[in-house]
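Let me begin by handing over the structure; questions about it come next.
Chain IDs A, B, C and D follow the sequence of writing; residue 1 opens each chain.
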Amino acid sequence: MDYGKVIKEIYAEISDVKKEGKVADYIPELSVVDPDKFGITLITSEGRIHSAGDSDERFSIQSISKVFTLSMAFSLLGDKIWDRTGVEPSGSPFNSIVQLEYEKGKPRNPFINAGALVVCDILFSKRADPKNEILGFVRKLAGCGSINYNMKVAESERSAGYRNAALINMMRSYGNIKNPVEKVLDLYYTVCSIELTCTELAKAFLHYTNIRKDFDICGYTLTRSQIRRINALMLCCGLYDESGEFAFEVGLPGKSGVGGGIAAVNPDHYSVAVWSPLINEKGNSVAGMKFLERLTTITDDSIF
Amino acid sequence: MDYGKVIKEIYAEISDVKKEGKVADYIPELSVVDPDKFGITLITSEGRIHSAGDSDERFSIQSISKVFTLSMAFSLLGDKIWDRTGVEPSGSPFNSIVQLEYEKGKPRNPFINAGALVVCDILFSKRADPKNEILGFVRKLAGCGSINYNMKVAESERSAGYRNAALINMMRSYGNIKNPVEKVLDLYYTVCSIELTCTELAKAFLHYTNIRKDFDICGYTLTRSQIRRINALMLCCGLYDESGEFAFEVGLPGKSGVGGGIAAVNPDHYSVAVWSPLINEKGNSVAGMKFLERLTTITDDSIF
Amino acid sequence: MDYGKVIKEIYAEISDVKKEGKVADYIPELSVVDPDKFGITLITSEGRIHSAGDSDERFSIQSISKVFTLSMAFSLLGDKIWDRTGVEPSGSPFNSIVQLEYEKGKPRNPFINAGALVVCDILFSKRADPKNEILGFVRKLAGCGSINYNMKVAESERSAGYRNAALINMMRSYGNIKNPVEKVLDLYYTVCSIELTCTELAKAFLHYTNIRKDFDICGYTLTRSQIRRINALMLCCGLYDESGEFAFEVGLPGKSGVGGGIAAVNPDHYSVAVWSPLINEKGNSVAGMKFLERLTTITDDSIF
Amino acid sequence: MDYGKVIKEIYAEISDVKKEGKVADYIPELSVVDPDKFGITLITSEGRIHSAGDSDERFSIQSISKVFTLSMAFSLLGDKIWDRTGVEPSGSPFNSIVQLEYEKGKPRNPFINAGALVVCDILFSKRADPKNEILGFVRKLAGCGSINYNMKVAESERSAGYRNAALINMMRSYGNIKNPVEKVLDLYYTVCSIELTCTELAKAFLHYTNIRKDFDICGYTLTRSQIRRINALMLCCGLYDESGEFAFEVGLPGKSGVGGGIAAVNPDHYSVAVWSPLINEKGNSVAGMKFLERLTTITDDSIF
């Protein structure tokens, strides 16, 4: 398969059509991003890199970071982590608080906001300087030491983050948050603000396609079986309440962020990252989803 | 991979441990099934058949039949079918009526009871004799002309089926059921009562592993892309509200029934059917799930 | 207080303003009622009758009949009836099925549809010919032997009654309906179709203002305390999910029906019935609510 | 009616039976209250005071204070206040967050925690020193200048108040809280900590029985009609999700607090306050409810 050619074709095809969606406007700092940005990087399991568009420009990966923090916490706690968060799709909007009440403070999965807050709480408990630790992990994973947080974005999100404050207080009332809520929220927003390029993101996700060997980043180790399970979680829960649609249309484990990025993996084949800031009402990049649907259709290859 | 040897090993291993779960007791006719039954058949994409235990005894496949009726309706309507049912995981118990109300009579997906009732309603509208049509389709798919409905089971279920009656009336009130509710319920219970052996079930599901060629059974055609999408639906929604757990532990698209059967596929590799009537509180076979988890762990091979 | 004068004043005042609301259109037979009908009768505890408008024309009292069937069932079962239905406001739309699921088939109160279906189930169990028995009770209560059911309305409602069929099947699945669902639905729709004039309705409700003596109609006896409790239920639950609004604006125990009638009582003072077929989206007569709000404001007299 | 004699009889009767319920244990400072405390005061509309037991000992009135803050905010805003909170019973646990999400941040009524937080937000916006203003209002209403907040209780509650923090952040995300959440929570917990005796509480509530004249306390004026509406709200929503039960068993507008107090009014007849710290799982005083049920049964007098 000539992925380079395929990517250029789809890139051209999608660039031509009128843009739908809108830039995330509930986070002031994100709302000023140029809506016309569009970048793609695909890296094959042999390490060949294929890019198009704005693939070397950094953007706010937001919820895509939840894959990285989960990996660290899963490595630290092993299966004990599943006492704190479930592994089932949420079946409701990504920041819904309803389910939390019915399930007594245990989030459905680690990729909805509530679950990622629990993961941050775990890292806060286990690490003296969790921000630095996470940054080091992501830099190593993506192979670039200049990756960093964008504190203006973090601050911008925190100042509007009343729903996350509601979620974390709710979980605290059930005892599923162990540290001061402000500290955990601070860590959460900081991690969400991390910025990578498409190419760095695809490099980081390449580790999740290596299902033939174990994972070891800065001492955080995961077995092949554990990597597979993270992929299963991405498939079932990675795109908020559009996860079923994404599995159905694209057929790859993936994770999206409201910054307009989506990273996905085709185990043993390739990782891919796409970025276009215009998102639909479910919080997922319109062009990003379209690109990935075309990719697996044209290559006639998904995990199914 | 010597699947024959692996299957025999896991069969022996699981047969030795104490049985958990209980036989479905809400359906009188099913509650008398011998709880010690345990059968397995795996068929590779080259057609090699590996069996163990009670693999040639017929049992009530119940909800596994939802894969067959969906395939027919998807073939008949194409993507129009998604106006009538969604493709998202339900995130709540398999017969919950709550979600239906919030989503105005449109079921979350075709594998929960509500969605399967809609699928039956579609087949009822499109076919003069839907019972016979479905029977012929399944016989052809499984390659055996003696497969049949068990009308005593169908009758037994109908007489206790107040929740399904509630679901279908609810959807009828929103206009998402077009035919008389009694007729559609009758079709639904009849189809659920169909009986196959593990080997017949694995043969039927082998068609869903053939992702390199189109599907054509009795004139019901599906493209490779459509088969992949049915697999994606099975992965996200096939085991009621334990679908996430199954994806996480097993990592294969599959569909379970309260009769204790589970059928699953590893696209391009094999189909597998397992039967043990003892089910957990979520309606899934305990030994069946355990068997499949061991299978993908030992062979170190899932779709992820 | 010269109630005759007050009623005429408010009648004139309301007749002058433009009509809002619309005739119940989900019941074909009700949708053809003349929207301009408007009648009122108030009867003081001394028995003085004050009327205005179409007060002697019969109309479909619909859910107002729930007060009468509850009175019979409460008399028959005493406090045992509260094992079958609660006494709490529903806090959600009048035909919501959600709450039923969370509360395992026990309706919140006897005035929502689910609760009234349970009451009909009780009368069906306890009486050989419940339709005749209920008719006799209402005739006696209202003091008129020509009161009757309108079978065309009953049939019209049944044919569109999918939500009630969903509700009753749901409760049957939890064991809170003991008789065949079709029989209970038939009784329910028949009772809802009963027709009274405003004057007959006010006469019937006069019995609920007599809080100084016990109630005895056709052998159905209720203590003063029991009558008070029925009034409390009307206050908290009598106007679907607008009960709080009605208590707040009007301040009298009352019960409405989608036929556009509202009956209310001011204990020890008067009963009042008003009828205008134009209902709001919550199912309550717009002019009827307005009339009663003006009545308690002008007379400066409510139960509070 | 010799209320003095009746009160002594019921007091003796209830003191004799074994205590049920338990002291509110989620607020550390409240959990140390002597569970055997039991006090009652009834004041007739003519001003005669009848007491029994620990009627002159101050206790934490908690949610009963919501009546006072509502009165102030209703006086300040008039009917505009109903844009910020509804008047319908909640039909679900007193601190439920679910309803808030479905109703986009508008609480069902001003007596659930969410509604009372909105009321505090209003007073915070309208008054330079709301704590002092409220204290002055309550002192005047109860006729005693030594009434005060208990800051240890307020602090104790705040430190455990994660659910209220969740509620207020949720409402803030919908724009229905205008001031900093910490400030409003601080005001809320301070007001809840106010301490009155049964006699002071009955004196304060006597103003709500005076339905023949307007209300004017420290310049906060309410018409008779507005007082009636506050009483209607108490009847429908005053005892959390046991309000229907209280209306049914007792039949008086009332308001309870988790400190074990209940205040109620029989308009034009009397106000009554009872205190026993042992509460049931719905947050209401067991002996308090029992006392009031016996009171209206023995005197054969409720608002119904």
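As a convention for this text, a contact is a pair of C-beta atoms (placed from the backbone, for glycine too) under 8 Å apart; a residue touches a chain by one contact, two chains touch by 3 or more.
None of the values given here were measured: they were computed from a predicted structure.
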Co-neighbours of chain D and chain A - touch as defined: none
From chain A, the most remote chain by mean C-alpha position: C
Distance between the centres, which are taken as Cα means, of chain D and chain B, whole angstrom: 55
Centre distance in Å when chain A and chain B are each reduced to the mean of their C-alpha atoms: 32
CA centroid of chain B to CA centroid of chain C, Å: 47
Touching two or more other chains - residue numbers and ranges from chain B: none
Sites on chain A touched by chain B in the complex: 86-92, 99, 108-109, 211, 224-225, 227-229, 231-233, 235-237, 241-245, 247-249, 251, 253, 267, 297, 300, 302-304
List of chain C residues in touch with chain B within their complex: 96-98, 101-102, 162-163, 165-167, 169-170, 172-173, 181
